[in-house]
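Following are the structures in question.
One chain, chain A, links the two complexes that follow: it is found with chain B in the first and with chain C in the second.
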Partner chain A sequence: MRRKATAIGAAFAALAVLCAMFATAASATPAWKFESKSLEGTEVVLGAAIDSSLTIPGLTTKCANFLYKVTIKNEAGTGKGEVTEVPLYNCTTDQPEVCTVGSIGAEKLPWPVKLTTVSTSNYIVIEGVKVAIKYAGIECALGGVTVNVTGTAGGIVDNATETATFNSTTFGATGTELRALATKILWTGVFPTEAFQWHREQPLSVS
Partner chain B sequence: MAQRTAAERLLAAPAKTAGAGLCLALAVAALAGCGGSSDGSGSQGTASTATGTASAGPPDPSSGAAAKPASAAGKGQGDGGGSSSGAGKPNGGEKKHGTPVTLPKSEAGREHAPTAAEKANSTIADMTLLSPSFPMAEGIAAIPAPYTCDGQNSTPALRWAGVPTGTKELILYVMNAKPVNGRLFFDWALAGIDPRSESLEAGRLPAGAVVGTNSFARQGYSICPEPGGAETYIFALFALPEALSPKPGFDPRALREEILGVSGDVGLLTAIYARG
Partner chain C sequence: MHKHRRRAVCSALLIAALAALGLAGSAQAKLVGEFTKFTNCPYTNANAIKCIYSVTESGEVVLGSKKVPIEKPVTLQGAYANPVEEKEGAEFYPFLAATNGITLSKAPQNVPGGLLGIIPEASQPALVKALIKFFFENSLTGVNSTLELAKPATDIRVSENNLAGEIGTALYMPVKVHLENPFLGKNCYVGSSTTPITWNLTTGTTAPPAPNKPITGSGGEGELLESARILKLNNNKLVDNAWSAPKAAGCGGILSFLIDPIINTQLGTLTAGHNSAELKGTLYQASAFAVNKINKENP
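Moving on to the complex of A and B:
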């Protein structure tokens, strides 16, 4: 009898430990929040990059207007979403006299989005990124060639400024990379994360 | 009036595409942020994206990104069932986001991804090209000195995959990523490579290969940037659906134009050499 009671007690203890572990894990997964309340349902983030550039070694490409539409939601307490549109305007290179952008566009949308925490900082990770760029210019080494930029991008979320910043540090922290020409390439930019549908004007945070 | 004028500019381009709707939605938000000012700020093309007031509710994203321009511009709060639009904003009329962003004034300048037709008529970087001779440093290939004029200027080993079926000839180029004196600089051009091959051995030319005249005016290979400088090089292996079969000492510039005209595939590799 005593043995049976001990076994039941041990089972409850194990269950309690598991519950505690689960609770810890759940609280460690970042979620989209508005005024400290977790987002229920979906919300739309629309924005225009404050600054953004894509650097293949030897050639940097910038767009005067880099817009984006991201649908966000929480699933099982974790922030998720997808990038649904990325219209780009007036894209140029840092060698404008020799290399121009013939065409550029996001492909295979939507790109899945998830939030993650690394060393107490919250990051947004965009998966399945694919951007096709066709450069032009007879004196451009990549002229006439369509280059595919593919991979995963991780950017740090700053609740104070409501922005996501992508740079080499954030890619390193999240273990993500974008590649083209058999090389890791650098995408930098600051992207406001402002809600535009049901929670417009409410501060969007990640925690 | 400034709002209407700026909106009309955007509406001048029909919102046929998703991007146009997104652009329009951002513009509406920006205009709302102007607060009806008549100083023309709304038409400057810059605004915070979420400085709206209660008088200009959000457009209806649920209608797809191709928002309805007229209704989007004129809707009041609560559109689409949202309960917090305007009324729920925490800062009243204060500007919440300080950094302005530039918005496009119209669809002019809108970029597009290469279309299927464009891809069919262009050279696509779908093949993989790697060099076992080049160690990777932070994800970027670095050219060791033996493969430059600081060493033996030996040709590096290369490996590739993904050559399309039906390829008749492979042609390899090594070019400076940045032009020299405004002209594309060719370090190596090698034609006549067997389309069935999958590699080049270091320091050896494959049977049947034909070497062009590089920008050092030599029939051969040379990686030799200015002393003290670093240069990025692009290795490009073109897979051609028809054989161009140039003669030894061919002009790489003229051949490249022919190559791009036959719409093949290409494998690309970038590598960096910093000369001490």
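Moving on to the complex of A and C:
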């Protein structure tokens, strides 16, 4: 009798562990929070990339001024939003004597944003990304060609540093990719997530 | 005295000859590395913007009821040049012929089934397939089809933005198909300079009339070589299945009035919606200025 009770107890314990595991996996609905409270209404995040580069195999493009404006909100407990502005200035390539950036601009804005959890980390996923880059340079193989960077970008959110970091690891974790010239390209960057409207100077976190 | 003078003249002539050889050597500039692909590009032409070297390695051309797989590489080379033309919202550049005269290489492709069009069923034994090939695709009964330019190279048009952007026409090319067999004579063609087959090749998606269905090409996977002076597009796929072709003509020499109808019966319907071209390969593109510079820098 006692043995039966122990067995039932063990079964319940196993069930509880399984439930806890599923609960962790299912917590793929992170929200925007300010001082540990879920954001109500909308907020605007403004910033400038600390370091960002975009690499088509054989040519890397960097912008000294990579600015962005993102409107964030929570919908049914899940963090969402949209990138509304991405002004890009002072862009150069790693082959400056051959290729220069004639023009660069974000297109088809706004780009939808959502938060998601993969394993135990929180990620920001930007969909519908489109950036048109027109390269110049009399020796440049892409001179006069408009290269369209399109796709979805996933970056990891770090609450401690209040940044979102995009690199090959975060793209892999979120199953996202950006393409240009029909090729998967590499976009790296660190983007501060600082509120600029109602929650100015309050730490923004995702959980 | 006489001997001395003769020796001096000989020496002078020898020096002059050596100097001439030396000068000839220094004038023989050359392309190096990946730039060697552009040897036949007219990069010294002031109007040339970009050099192109495109090799079609596989794919197929469907002409009515005949499907011809591309088994031998076909090379398109030359340059595209100013002045730019605006058409359908894109910039198109006219082409400049390759300096060796071979803008589009002639690579005879085997027409499966040969003259009689007898193709074995896929399910038939290997021996039967081999026998059919032996009897119907030999030097007497076999047919080769060779793609040729129907008009001067300057009639080709290129849109590099459409090529990279996978939209609209990337390469406009007037072509004709040369059908070759001992019985067909030397002038059996589908298409001519006056009635060319017009290919509007795209790396995007086609919109053909029925019964053909849309097919999609690809710009290919891009990579930049030689410090971004050369763009290489791997697995580039240019497609068009909305073109029409005129009937075959000139087949069988003086007996063409008899042979042409037979060949046209074999080819079937050649109106738009019944033909297709899928060209898969690798495309290289470089700034003509950069190619010229590399050439001058490497004596």
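Note that the second predicted complex is superposed on the first by the 179 of 207 C-alpha atoms of A that agree within 3 Å, B and C clash if a C-alpha of one lies under 4 Å from a C-alpha of the other, contacts with A are read in each partner's own complex, and residues count from 1 in each chain.
The criterion applied here is as follows: a residue touches a chain if its C-beta (ideal position, glycine included) is under 8 Å from a C-beta of that chain, and two chains touch if they have at least 3 such contacts.
Keep in mind that this is a model prediction, so the values were computed, not measured.
The superposition on chain A brings chain B into a clash with chain C.
Between chain B and chain C, B contacts the larger number of chain A residues.
After overlaying the two complexes on the shared chain, residue contacts for A:L46 are found with chain B alone; chain C is out of touch. By the touch criterion defined above, A:I138 reaches both chain B and chain C. Of the two partner chains placed around the shared chain by superposition, chain B is the only one that A:Y89 touches, whereas chain C remains out of contact.
Of the two partner chains, neither chain B nor chain C is touched by A:V118. Of the two partner chains placed by the overlay, neither chain B nor chain C lies in contact with A:A173.
Touch criterion met: A:E194 reaches chain B, while chain C stays clear of it.
When the two structures are aligned on the shared chain, A:E162 is found in touch with chain B, with no touch to chain C. By the touch criterion defined above, A:G105 reaches chain B but does not reach chain C. Of the two partner chains, chain B is the only one that A:K69 touches; chain C does not reach it. Only one of the stretches 128-136, 218-226 or 254-262 belonging to chain C overlaps chain B in the superposed arrangement, and that stretch is 218-226.
Overlap of the chain B and chain C contact sets on chain A: residues 56-59, 95, 98, 138-148, 180-183.
Considering their complex, residues 56-59, 93, 95, 98-99, 137-148, 180-183 of chain A touch chain C. Only residues 34-35, 44, 46-50, 56-59, 63-65, 67-69, 84-85, 87-91, 95, 97-98, 101-107, 131-132, 134, 138-148, 161-162, 177, 179-184, 190, 192, 194-203 of chain A touch chain B when the two sit together in their complex.
By the touch criterion given at the top, residues 17-20, 22-23, 25-26, 29, 49-50, 52, 58-59, 61-62, 65, 80-86, 88-91, 96-97, 99, 101-104, 109-115, 118-119, 122-126, 128-130, 138-141, 175-179, 182-184, 232, 234, 236, 257, 260, 266-270, 272 of chain B touch chain A in their complex. Interface residues of chain C, counted against chain A in their complex, comprise 49-50, 160-161, 164-166, 203, 218-225, 227-231, 233, 285-287, 289-290, 293.
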